[in-house]
Amino acid sequence: MTTPATPTEMMTIAAARALRADDICFVGIGAPSAACNLARLTHAPGITLIYESGTIGTKPDILPLSIGDGELCDTALTTVAVPEMFRYWLQGGRITLGFLGGAQIDRFANLNTTVVGPYDKPRVRLPGGGGAPEIAAHSGQVFVTMAMGTRAFVEKLPFITSMGHGEGGDHRARLGLKTRGPTRIMTDLCVMEPDPESKELTVVSLHPGATRQEVRDNCGWTPRFAANLAETPPATDRELSVLRDLHARTKKAHSGG
Amino acid sequence: MTTPATPTEMMTIAAARALRADDICFVGIGAPSAACNLARLTHAPGITLIYESGTIGTKPDILPLSIGDGELCDTALTTVAVPEMFRYWLQGGRITLGFLGGAQIDRFANLNTTVVGPYDKPRVRLPGGGGAPEIAAHSGQVFVTMAMGTRAFVEKLPFITSMGHGEGGDHRARLGLKTRGPTRIMTDLCVMEPDPESKELTVVSLHPGATRQEVRDNCGWTPRFAANLAETPPATDRELSVLRDLHARTKKAHSGG
Amino acid sequence: MAVFASLSEAVAANLRDGDSVAMEGFTHLIPYAAGHEAIRQGRRDLTLIRMTPDILYDQLIGMGCARKLKFSWGGNPGVGSLHRMRDAVENGWPRALELEEHSHAAMANAYDAGAANLPFAALRGYVGADLPKVNPNIRTVTCPFTGEVLTAVPAIRPDVAIIHALKADRAGNVLIEGILGVQKEAVLAASRSIVTVEEVVDDFGPRSPNATILPSWTVTAIAVVPGGAFPSYAHGYYKRNNAFYLAWDAIARERDSFAAWMTENVLAKGPGDFAALAGLRSEGPRS
Amino acid sequence: MAVFASLSEAVAANLRDGDSVAMEGFTHLIPYAAGHEAIRQGRRDLTLIRMTPDILYDQLIGMGCARKLKFSWGGNPGVGSLHRMRDAVENGWPRALELEEHSHAAMANAYDAGAANLPFAALRGYVGADLPKVNPNIRTVTCPFTGEVLTAVPAIRPDVAIIHALKADRAGNVLIEGILGVQKEAVLAASRSIVTVEEVVDDFGPRSPNATILPSWTVTAIAVVPGGAFPSYAHGYYKRNNAFYLAWDAIARERDSFAAWMTENVLAKGPGDFAALAGLRSEGPRS
């Protein structure tokens, strides 16, 4: 009876499933707070959501349009100033999971949200890094959600806004980072994970109806597939209804004056 | 009808008179908050008192025993955490006047509250600097109150806890300080001010009844007297009654359980 | 001690051509009314500082007020690009815009260092990122105890900080609650400050002993502008107008539509118009 | 997530011989009950960290629990010397006490740096003072932008932080109001933390949106000890017992009178005795 999940819904649902109730989750600008809140409203009610505007332990009933909507503060355990958020909480190592999106990603899960073209004479000026460079460095691990496409999943980034696995292998460790970096990439077609050794992103699960060829066609490099490639379990009725209710509430709230 | 001021009362009153309504006054541990509060209750009702415990704009009805009594917080405009107090407010240059006391002082108004004897094998271990080193450096100017005596006013300090005028002259400026340092020393016998050039403390005013000889007898160096040595105006009835009421209220409150 | 003034007086007295100015407010309490006043007064050659330049800075940039932008995320949050900022960066219209770009962590630390009267901030920042290659104001400092190499950025010490707050009392103390952003740091780091407030009260009344308050003696000028954060929001007064943020995308996309909107809604208006915009009872024109 | 435990369990599980421990509380909320529990459990070789070692640390030092003290002001505030601390420093009784001495500004910055996971703090400190000559942990760092030489001190990262707070909710979140001191920083800087609270509530109820709260996942163990800050105070619960601070001078002046007092009032007592001391209704023994 429920209409099947769209690819975008499937991406959000796959991301939500990967979240755990004991995660302390830092949600940066542009990040899929839909996934975080879907997790909170389904299997992970105890999850702690932190937005970089300083709200700690927030439980919004609708999705914020920005990372600083009043709803976030109204439902938070407490709200701290932004310097404290970045100093004591993110750099302080209190975040178990950082959630990022981006305009572009490469095979080592480095992200670009800064410029397309040369930095000084950009073809497209993107918003910039915001919290991402330090979210990527200091969160225990990082999840990324991005819809696939050859302009987004690129062979070489024009600019590294936030480091994923750098040039691969032990690059993070060589730079002194003790955190795990990106561990899962949730797209509209599949889920990718870095290879344990090389750290190159590997497709580990295809969403229902998606094909290897679709993934290849929408990726700027030749993607690897796991030997034991799985199919993402389809969205359940409950996941879909909670997500759609959340979006409906949100749309209604945001279209108001 | 009012009994005349004791030397200690005269010291407090002389200090209070030097305070202005627009001062932002930082009161460190052991400092004469009696003087600050006397000023607030007489000629300088608008004076802003800040205690290093984080209380800003406090208006205690009784004198605190410590720098963090509940009375200070209850009557404050707001109370900030201690790191913020020392970082944004003191080091941030927001304080116009720092108020210090000490166990020992030298002719350039350097203070010792650390040790008597060698640091590693002290004859007397004093409490230490607390806020004083940075109060002395960052306040717009510094007032000191200390009762005179040859063990307190010494030729050479065994330890410089907080810098006054160092070795005199432009020593502060040579160390990069832009603040004025100690500008007035209020004792139980007299008021001293640093010479404009040499910065050596000079007696500018004798309290009623005090003599040059008394000051000499209670000073570990040979003190200079200003050419136009003044007599400190005697305590007024109002000053005395407000001060004594304050002390009476305080004693009553502190002796309770 | 803070002086109460009209917004036009406060801006005229404290914001000068060529100043560096931080108009802060992290989604909450963005000082739109004060920014519009700066546009109306025709300020030029400003160095605009702001962690999250959004619609307000898109307006200032599009009106040619700025020569430089120091920032860490420039977009219309939840919506998309800032078209006027992109036009300035990509095409130099209406004038070229120099960028000094940081991360949020670096900007937040730099404000903190500014408030603390330090010349720089040390942070664990930008590891593996490209920004240090293009921004000479991202350097390193070595820990004298562990030998670790950390990132250093210069403290932010603006000529002027401009913020919107909830309320002032009659003595000129200023109260902020809710999402605090970096406003307190910006005011303490700046040489001068202008604060617009929703209202003036006799007394703040019962409050947390640790309420975020800027004492009167840390603020230069206060102007009462009800609704002055519209279309952002003021905790307890009015909500964020998300519909306007969505609508801005189309308004700002083309130079002509932008110019027409600014003429009608900024140049021809005044601070007194904000109360009605925010859905508050208007108290008549203030300017 | 914070675990609720008895105070004796919390101390036994989290404070070990040889640990560095910060028991903080700036006049307000000094964790006396927890400190007494450490004494009863016979902890040894502790490195005690505290900006203002006062009666509680005088007791720990006098009972021989400490090998080192890191501090910035050691006295009985408003009263005079700490006789047990002086006896340890001047005479090595009951054992020698190594001192690492700083200023308040340096300690406060060092806690801040610890909470922020930085290895050091930079400050404008100690200008013209002698302490840098005798403390090798006071060094310098040079600003990479201005060339200014600043003071550097190592971050404080204790093994254990012990604080007293006003209340916890059932989820283990902890609320502090009033004089905040460096308690939040100490907990965030430490590997483990023990928090004693006046009470547990279902919900903190109406509060400032910016209330000082340590989320449950930043705290290791919580023990409910009404009156646990006596003879210091807990904002809204009971006042500071100034008379006891005055009385301590005579108690601690001689080794014998000190030992007798400790035997009677600490060794023979338990956390359940604090409620009555603080003038609160006792809820029966807790231990």
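Order of writing sets the labels: A, B, C and D. Residues in every chain begin at 1.
As a working rule, a residue touches a chain if its C-beta (ideal position, glycine included) is under 8 Å from a C-beta of that chain, and two chains touch if they have at least 3 such contacts.
It should be emphasised that the depicted structure is a prediction, and the values quoted were computed from it without experimental measurement.
Undergrad: What chains do chain B and chain D have as common neighbours?
TA: C
Undergrad: Across the interfaces B-C and A-C, which one involves more C-beta pairs in contact?
TA: A-C
Undergrad: Please compute the C-alpha centroid of chain A, do the same for chain B, then give the distance between them in whole Å.
TA: 57
Undergrad: Using mean CA coordinates as chain centres, what's the chain C-chain D distance in Å?
TA: Here chain C and chain D have centroids separated by 39 Å.
Undergrad: Distance-wise, how many Å sit between the C-alpha centres of chain A and chain C, to the nearest whole number?
TA: 28
Undergrad: Could you say which residues in chain A touch two or more other chains, in rising order?
TA: Residues 73, 79-80, 87, 91, 138 of chain A each touch two or more of the other chains.
Undergrad: Residues of chain C that touch two or more other chains: which are they?
TA: Correct list: 112, 117-118, 123-124, 148, 178, 180, 184-185, 209-212, 235.
Undergrad: Go ahead and list every pair of chains that touch.
TA: Contact pairs between chains: A-C, A-D, B-C, B-D, C-D.
Undergrad: Taking the touch rule as given, give the residues of chain D at its contact with chain B in the complex, in rising order.
TA: Listed in rising order, the residues are 26-28, 51-52, 71-75, 77-79, 81-82, 85-86, 89-90, 101, 103-105, 108-109, 111-112, 123-131, 134, 148, 178-182, 184-185, 212, 233, 235, 239-243, 245-246, 279.
Undergrad: Would you mind writing out the residues of chain A in touch with chain C in their complex?
TA: 29-30, 52-55, 64-70, 72-73, 79-83, 85-87, 90-91, 110, 114, 119-120, 122-134, 136-138, 159-163, 166, 171-172, 175-177, 253-257
Undergrad: Flag every residue of chain C that touches chain D in the complex, lowest number first.
TA: For chain C paired with chain D, touching residues are 117-120, 122-124, 137, 139-146, 148, 150, 152, 154, 177-178, 180, 207-212, 235.
Undergrad: Residues of chain D touching chain A in their complex?
TA: The touching residues are 1, 112, 115-118, 173, 184-185, 188, 209-213, 215, 217-218.
Undergrad: Touching residues of chain A toward chain D in the complex: what are they?
TA: Interface residues on the chain A side: 22, 24, 48, 56-57, 73-74, 76-80, 87-88, 91-94, 138.
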